[in-house]
């Protein structure tokens, strides 16, 4: 007997499709005017949700491997959603990558004719030639397809056996899911690393950082936890978790949010710190264009974004999550979750949007480039893309919940989860 | 208080089962006692609520220690590398919050740990090597497998005979008067 | 040994092991430790530094050469420092004069004095007089006399009033912070170049010293190194 | 049946359908042992007469430890060149050994702190010994940088104490960060270890019959009475110290990795170093914990307290961290190729196929390939095999530090100044002796202090639950 909420899935789907249609119109318009920014909105929107879903995938598998007693109630909601991950890669990333015009605009390295600030073209760039074993278009497209396949297979397996347990009540499924998760965690780690390299790091293809995959993992888990808090809040106020979720569940989610807030800060700080201290130009330029306006020499808009990340995305959630009360009072936890969602968006912007736009006029732009600004009307398009993809994900989620049990009634740990206490 | 009461620390009784001492503690709490304690070989989950204890104040000292450490770290690095002995090294500024961050961070942790560690000692009034309880023969089993409730004489509700009967009604065994 | 073991292994008393007074001991111990800590720190700072251990080092010299008699405007002879230490302006190392320098005068003045027997012997045989070195800095410190003297740093800054010493002893600590004090505030030590060997020279007032010094720092482009490699090369 | 939520007015209908499949959790303590059994078992280790194996091992450990002190004595009287340090390799075995030992220490904090925060109850059987291991490993680690400074009597210049030179520590140097990190780590680990031990020391005190035991354990137990008002503060402080130790342990090995990563030496400067070093540290530390605990478990017959479930978990952590380390190796290689930087590429190709390739392949096979055997339940149940694999991991992690430190220095930018580093006999003596030094401390701990946290073990038994039926 599916919950009444699940009837809304069609509305969400329609809303999502409409929003995405608008975003795509703008994106195509931008592409036809050689402007990458509207196309980037599609990427930002898709990556935002892909990040959330990757986090949920990892959390599903991690709680499986740990056999976590608190998890089953909450994990079932992740399972409903997981299948959206390959779908988003297919409807979000793949069109951008497979349509040559948008690919050339978004991933500069695929456009051999693109002129760099130095005056050379991408095709003649010796750095790109050294990387061409990896950064070549066929391999790139194959990789994007592979990501969808790997995540798709994992999502299908993790869902199938979990749902099968709802009918046949056998513990064997738990063992199988444990095994899939144990293998799936390293597999997903590699896949998400490569996805982050391809879809974010390679947007500025000269730059490289071994930490990048770990950073993306940290961001994904943070986002997934924050979205989980928001989702479970809604679901325990008139949804199918009403009367099931208790203070201890909020506490454990709050603790995990705190832990991954620290972990994210640790990873982001370490990456910045190592590049700052070693001071090697081939790495520092990436941070430099995000701090200083090359024309005026003053702090740019991106510096403001990075300050927002330090104070709004780290200190604010960190300090608010420290007191015990924040982790158990629903409203406070919800507020922190929204703060994290907003901060994660800033982090995604910070990583995806700034790039050197080549300028031939050396009198106005002595460095030969200007950095894409932060404050543009495209931010609204980004938000629309996020809403669009989000609506699709919610539609998939609700539809999943309508077809299957909303809580895993025969999970071996379900009672432990329902009666979970601190 | 009469002279006899002055030399009495309190009365004690023992329990053999966790659930027994737990429910007994709830009754003592409900009877409104202030100066009493449950001595156990290990912390019993939920006993704080059963005794009606507030949350431990140790975190306050941790926070105080952490803030002190952070400020100490900042001042230390600023004074030594920027004020008293400024040197240009590695193209870094004389002082910024970034390069000495590891040091500031470690100072924060160190002082917060001191705050916590000594906080535990201060709030538990330790070290306290001499205590009337140690004279009780059955107290040596409290660190092994026995649970003990002690009602202290300084509680306004304390009355020797009534308190002993109260402990008896709770199911306590080996009811003993602790002499100071 | 066995007795000790027996003593240690004797049965423990029942009940409280420590007496009631022990409860106050931790506080007393903490107070004692604090006091000891303060005293030890203060003592180490006072007595374990160059200021205490090196200053006043006045070794016996093979020849009782009296600086206060020979050198400086107030002395009987009024010799300039550079008459004997004649390479101080040209060389990183300030030389101790050879016996020849002594014998320039002493071939005429009291050549047969028993106090000068060693000097005369040295002059005749060519064996150096074994002067005992007083002012020592470690091997890993590079100190250049000429660069200091030529930029207005007087002998007196490091050696003190040699012209008043019958037997030379160390008067300044010569430790690293002694060097750094001057390198950080050179204007407090610089003087006109013609007053380098005037050990009694004092600027008219502290304000005048600062004003003059600042001017010298600017005009002579004095930029004393404070980095490690300035002195430890 | 399930009662969900006390404050919920209506009981959700779905609860009627909740019927979990049967999958009991492994018991933490086998054979349903009671509180008194645990007390007896742990206290007996301290109270029984000194066993013969202990005396023999202790004597052997002392003998081996003397090698360190002979080596260090020779070094101090001769100079750091006695350690085979010369251009281009100025960081030889000393730093390798330092990172190796510090890394081993980290598992102790991980078990006591991170697993505490993650509420992994199985930690209770091993955390005390692991914490002790941490402290002793840090003692061994500290020796190397301490003596690496050359004039060891001036090592206090590294601390922010006024000195007669009028200079201060230089806070832009990662080596100075190390001083703060390692000394903080040592201090906090010791506080954490000691504080956790106080209730157990109280237990031994209450059982002591001879005078010196009563004196010794009374003094250490600080008058602990086990009142719940004390436990309340104690548990809070313990949790907070765990919460502080977790970022601390991460930061320590992060800062150790900074020693390398903030430089711009190819092969050292790579941003993944911090988490990669931390994973490696936990990896090697767990291997060491198993190396120590498996024999102790056999000697003291602790099979009920440290059972297959505990060993399984530790093996799985070794497997997980070993795989993370493998991920880091792969990422480094990938980014070296991806960067298009020829020096980076050379550094990594040279590691794998250059003059030190033997060390590299020992590292990869011990660290990445060997732990993969832990995928198999049969392997995890064969304790001799587990012990041997753990030895391999220890060896592999030493070689990891060797590969990182030496290969990048021996072949840097200028081929004309390339070299080949070999340790001297003094290096070998000093390092060999630290195993004895470590064993001396650890044996003393086993003999005189509670090996298992009795209170915490009692806490995770089923009969400790006040609501048990």
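Labels A, B, C and D are assigned to the chains in the order they are written; within every chain, residues are numbered from 1.
Rule of thumb we're sticking to: a residue touches a chain if its C-beta (ideal position, glycine included) is under 8 Å from a C-beta of that chain, and two chains touch if they have at least 3 such contacts.
From a predicted model like this one, the values you see are computed outputs, not experimental measurements.
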Contact-richer chain pair [A-B vs C-D]: C-D
Central chain of the complex, centres being mean CA coordinates: D
Centre-to-centre distance between subunit B and subunit A (centres being mean Cα positions), rounded to whole Å: 44
Rounded Å distance, subunit A centre to subunit C centre (Cα mean): 67
Separation of mean Cα positions, subunit D and subunit C [Å, integer]: 49
Between subunit C and subunit B, distance of the C-alpha-averaged centres to the nearest whole Å: 56
Contacts with 2+ other chains: residues of subunit C: 17-18, 23, 180
For subunit D, residues that touch 2 or more chains besides their own: 166-167, 172, 218, 223, 247, 258
Subunit A, residues touching no fewer than two other chains: 273, 277, 279
Each pair of chains that touches, named by its two labels: A-B, A-D, B-C, B-D, C-D
Complex contacts: residues of subunit A adjacent to subunit B: 269, 273, 276-277, 279, 324
Of all residues in subunit B, those that touch subunit A in their complex: 55, 90-92, 98-99, 101
Subunit D - residues contacting subunit C, complex: 162, 164-167, 208-215, 218, 223
Subunit C partner contacts - residues on subunit B that touch it in the complex: 85, 87-88, 127-131, 134-137
Touching residues (chain side subunit C, partner subunit B) in the complex: 14-23, 25-26, 180, 226-227
